[in-house]
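Look for subunit A in each of the two complexes below; its partner is subunit B in the first and subunit C in the second.
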Partner chain A sequence: MKSISPLLKIKNLRTYFDTHAGVVRAVDGIDIDLYPGECLGVVGESGSGKSVAFLSVMGLIKKPGRIASGSIRFEDRELTALNPRQYRDIRGKEIAMTLQDSLTALNPSIKIIDQIAEVLKEHDRDMAAKGPKAIRGWALEMMKLVGIPDAENRLNDYPHQFSGGMRQRIMIAIALSCKPKLLIADEPTTALDVTIQAQVLNLIADIKEELNMSVIIITHNLGVVSEYTDRTVVMYAGQIVESGLTGDVILNPLHPYTKGLLKSIPRLSERDKAIHPIPGQVSGLIEPASQCRFLPRCSEQSETCRTEIPLKTLSGHREVRCIKAKEETDKC
Partner chain B sequence: MNNAPLLKVENVTKHFEMKSSVIDRYLLKKQNIVQAVTNVSLEIREGETLGLIGESGCGKSTLGRVILRLHEPTHGKVFLGNEEITALRHEDLKKVKRKMQIIFQDPYASLNPRLSVAEIVRLPLKIHEPLSRKEMDDRVADMIERVGLDTQYLQRYPHQFSGGQRQRIGIARALVLRPEFVVCDEPVSALDVSIQAQIIQLMGQLKEEFSLTLLFISHDISVVAYLSDRIAVMYLGELVEIGKVDELLNHPLHPYTKVLLDAVPQVDRIGVHKRIVLTGDIPSPLSPPGGCKFHTRCPDAMAVCRTEAPALEEHAAGHSVSCHLYR
Partner chain C sequence: MEILFKRLIRLIPVLLGISVIVFLMISLTPGDPVEIMLGDQQVTPEMEQAMRRDMGLDLPIHERFVRFLYNAAQGNFGRSFFHRRPVMEVIMERLPATIELTLCAMLMAIVVAIPLGVLAAVKKGTVYDRASVVMAMIGISMPGFWFGIILIILFAIHLQWLPVSGRSTFALRVPSITGMLLIDTLLAGRLDSFIDAVKHLILPTLTLGLAMAATLMQVTRASMMDVLQQDYILFAEAKGLKRHRVIFLHALKNALIPTITVAAIQTGQLLGGNMIIETIFGWPGVGSLVVKAIFTRNYPLVQAAVLIYVVIYVLMNFIADILYTVLNPRVRI
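And then the complex of A and B:
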């Protein structure tokens, strides 16, 4: 896999927010390579910086936020160097993102069909030249593709007339209408029931195969990650603490945070096993001390953890940010 | 665990009437009625935790609220011990209400932002147990410690706390009166994974400590399975299956329960799991389908399901299901 060049290459990305209390380091130096056709899971809790990292990729960081340093390469283009006009040509066309809250992400006063058609008008010149009828036809196709029942009769409905699962599908329809090379799905199923969640995730998986897209699923649900992704990145307090093939990360976690997360979820298959919560909560991201960020909550801590811990590369495409983990496997 | 039922729900139905506009009334249009809960009967024994699961809109929260008489039932009776809650009024109702409390889902909306933690937790005592100020303060401080907060936070306001801490305040408020029965309405759904585990563990501890009887409502089946003794499954306002946790999870009977269990993404399943995917959304409770309400989405639907509604019947000891497949 490593012989192909990555579709998306994030290098040492830092996204900071300037606030009255100080600089919040929401994303503090992350590196992610994503290959064509790959499905990457990004796991972390609120405040881990997982959403901000990918809003940075989309060029959607607004003041007081800023990309302080780092590079985001998409194919052969450097995204951080683009001007707003150039960014608009990529955003929605080559990289698309679905946002977590489908009710606020869709415009409540515009008909669904027009919201899907808008993307096509903006990005697809051939389609735009064919006139509004062709655009509506294509938008209808997209609605059918994502499985909205009775699509013909619902073209002129407004977002509030759809259920949460259907609105999530509409966002996916909008995101997919230009056949992007990369789909970023930010918590695509958090607000949904398990039955609808299964429908939406299966839909994303099917379309990914069909269009050979790369997909990034941002979530806090470890079950979703293990069932639907090839590779997993675990984030904590703005940094990547562990990454690797999903099976390896889930079955053989190396970082104490990943271990803690896995022990803190009740499992249907092992109901008699007690859960072990991680004590405490994520510490503030303003001027973080130069030590392991997980230190205050870590059960395996020692004095050596009181320095800045680098992300260590292990064999089998694994990375982990923990001093203790180096004994487990040799460097490759 | 005592075998006598502490809480008994008998044929409870709750319909909400939607407001109709003047024009609709002029045109003599039929008034829209949301059938939130239809003919539900169940019992919860003393010291038992009953988990209640189902998709959003299935009426599980409404049932919880009808039990507490936060909503008046359209039909049916609810008993706590020997008292018929649904027949009580005024002072008698107030006396029973102090034995029943609720923990809400949203730790942001359920705490009054203008009251300090001490005032929030003291309020139920003020209403139900007129003690001296000193006694009340002691009770509040004791309760705050039991839910794992520091008493130095008592004078702070809700916005100064994180979601997990707020949920602890909500729990303290519910338990300060030493209730017998508590409805937990999705108490951990709004929390992060690691915080969720802290609250689940706390609930488990407090349940033992105060020998509570719980109705635990959640759409997260893993959480419900962890905390409950028995599980009830609701679909479109009806109880479709109820049984002991192990029995229900290992041998689910109703096709809906099977789908629901299968849909839960599990950490131990790496790679896409071929699951039974339901087609379509939950039908509108404004006009639920006739016959068995699940027949429109059921993978095993038969002809009889479209015309005849099945009744909840005991299939094995303590395991009941309402489905034509098992008649």
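And then the complex of A and C:
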């Protein structure tokens, strides 16, 4: 794997928001490598910086937000150095993104067909030259590809006329219509029922194989991650706290936060119906103290945690940001 | 279509109610029209009595109201005390001038306000945005009669670029077909007359449309700011669309829904505003006619004119309703 060069290489990315209260360090120095054809899961609760990190990749951080430092390389291009025009040529064409809530992410007053077709018009000159009929045909193909029943008769419908699952499919159709090399799916299943969740994720998995693209699934649902991703990154308070092959992370979590996330999943099999949430919430991202950021909520804390904790690389592509974890692996 | 019809039906009680109010307001205002018309002329009480009977003013008030309603339903609002002609005839003569001015003011307001509002929202928080908010506040709070007089002093008297008052220069008159000079002059193929009509229109249009432009700009700015925060704008950008497409298609299409609704209602309000403006600019429309009629206690004319205003106002609200439905697919039936 290491011999192939990564499709996306994020190095020491910091995305800050300037607010009246101070600088919010939403993303505070993350490194992620994504290889072609790989499916990466990014996990973390609200406020962990996972969405902001990938909006940074899309170049869609708006004021008062800014990319303070770091590098985002996509193939051989440095994204942070692109001008708006060059960025537009990549967005939607080579890197596509879907958002969490399909009801608010699709324009309520534009027909579905036009929302799909405009991506093609924007990015595919050959297609645009063939005229509106060809574009319409292609848009219809995309709707069929993502499994919209009776697509022919629904092209002129508006988003509110579709169900949540169908809207999510439409959003995926829009994202995939230029056959991007990378799909970033931000919470693709959060707004959906469980049965529809599986359908949508299977759809993403199938199309990923078909187009041989890389996929990043941003979620707070470890169940989604365990079933569909190759590798997992766990984020907390703007930092990566653990990463590794998905199987390793799920079966043998090293960071107390990951352990907490796994424990907080409700399980049908367990007699004991109680859910074990992680107490507290993500602490202030303004001027964080130089100590482990998870410390206030950690059940395994000790005095040694009161220093800046580096991300340690372990064997088997694993990384973890916890002093204890290192001790544990040393024992093994 | 059926809903449309139902909404139209609902307008009837509104109009009936308004006609009662209009009738009472005019009839109960102190001042006797006969006395005002006679002025200083010496007449016998018999002559005065005959005049009163002639105008139907000798009847008790409730009978006058029933007669008023009965006639109004047939489009007959009686004769103008002053002009000695049917009221409707007098009003209809002057209505095109008022409509022309109102439409020009509305168009000016829309054309100016929407781009400025969009620009302010897109450049949110910048000097331009703040300046536009201040300008809008000034525009809304400046009294129209004062602004009109300032314009006259500046452009008509000092600079002498534009005429002080009226609708057209006598020598450049053209035969009336629609009553709207901008159209009539073009139909007559007289470019000089057309330019003359435009020159006469500029100052009253600016004065009348100013407040509406300021309000519309505020509405456009606010709704545009709200829309630009929406997920679908982020998603449109994530699609790699050009900035102007995101702003003018994805954002503006949604931001216009409240803007157009407000514009339609405001256009109805312009009709009320133009009484003062028409008087200042000597504009021969219904507004200045009504002001004169009020001073001379010309009841039939005021009643008819106010009712026509109300009908137009209610219709504009109705149109606002319809436009809202057309623009917003989510409420489309």
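Basically, the second predicted complex is superposed on the first by the 322 of 332 C-alpha atoms of A that agree within 3 Å, B and C clash if a C-alpha of one lies under 4 Å from a C-alpha of the other, contacts with A are read in each partner's own complex, and residues count from 1 in each chain.
In the analysis below, contacts are C-beta pairs under 8 Å (C-beta built on N, C-alpha and C of every residue); 3 or more make two chains touch, one makes a residue touch a chain.
Here the structure is a predicted model, which is why all the values come from computation and not from measurement.
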item: Touching partner for A:E122 - first (subunit B), second (subunit C), both, neither; value: second
item: Touched partner set for A:D89, first subunit B, second subunit C, both or neither; value: second
item: Chain touching more of subunit A, residue-wise (subunit B, subunit C); value: B
item: Touching partner for A:S214 - first (subunit B), second (subunit C), both, neither; value: neither
item: Touching partner for A:L222 - first (subunit B), second (subunit C), both, neither; value: first
item: Which superposed partner A:Q239 touches (first subunit B, second subunit C, both, neither); value: neither
item: Touching partner for A:P108 - first (subunit B), second (subunit C), both, neither; value: second
item: Partner chain(s) touched by A:L261 [first = subunit B, second = subunit C, both, neither]; value: first
item: Contacts on subunit A seen with subunit B and repeated with subunit C across the two complexes; value: none
item: Of all residues in subunit B, those that touch subunit A in their complex; value: 55-56, 162, 164, 192-198, 200-201, 219, 221-223, 225-226, 245-246, 249, 259-273, 275, 277-278, 280-282
item: Parts of subunit A lying in touch with subunit C, wherever the complex brings them together; value: 58, 60, 84, 87-93, 96-99, 101, 104-110, 118-119, 122-123, 158, 160, 171, 174
item: Subunit C residues within the subunit A interface of the complex; value: 230-232, 234-243, 245, 249-250, 253-254, 257, 327-330
item: Residues of subunit A that touch subunit B when the two form their complex; value: 45-46, 149, 163-166, 193-199, 201-202, 205, 220-224, 226-228, 246-247, 250-251, 260-262, 264-269, 271, 275-279, 281
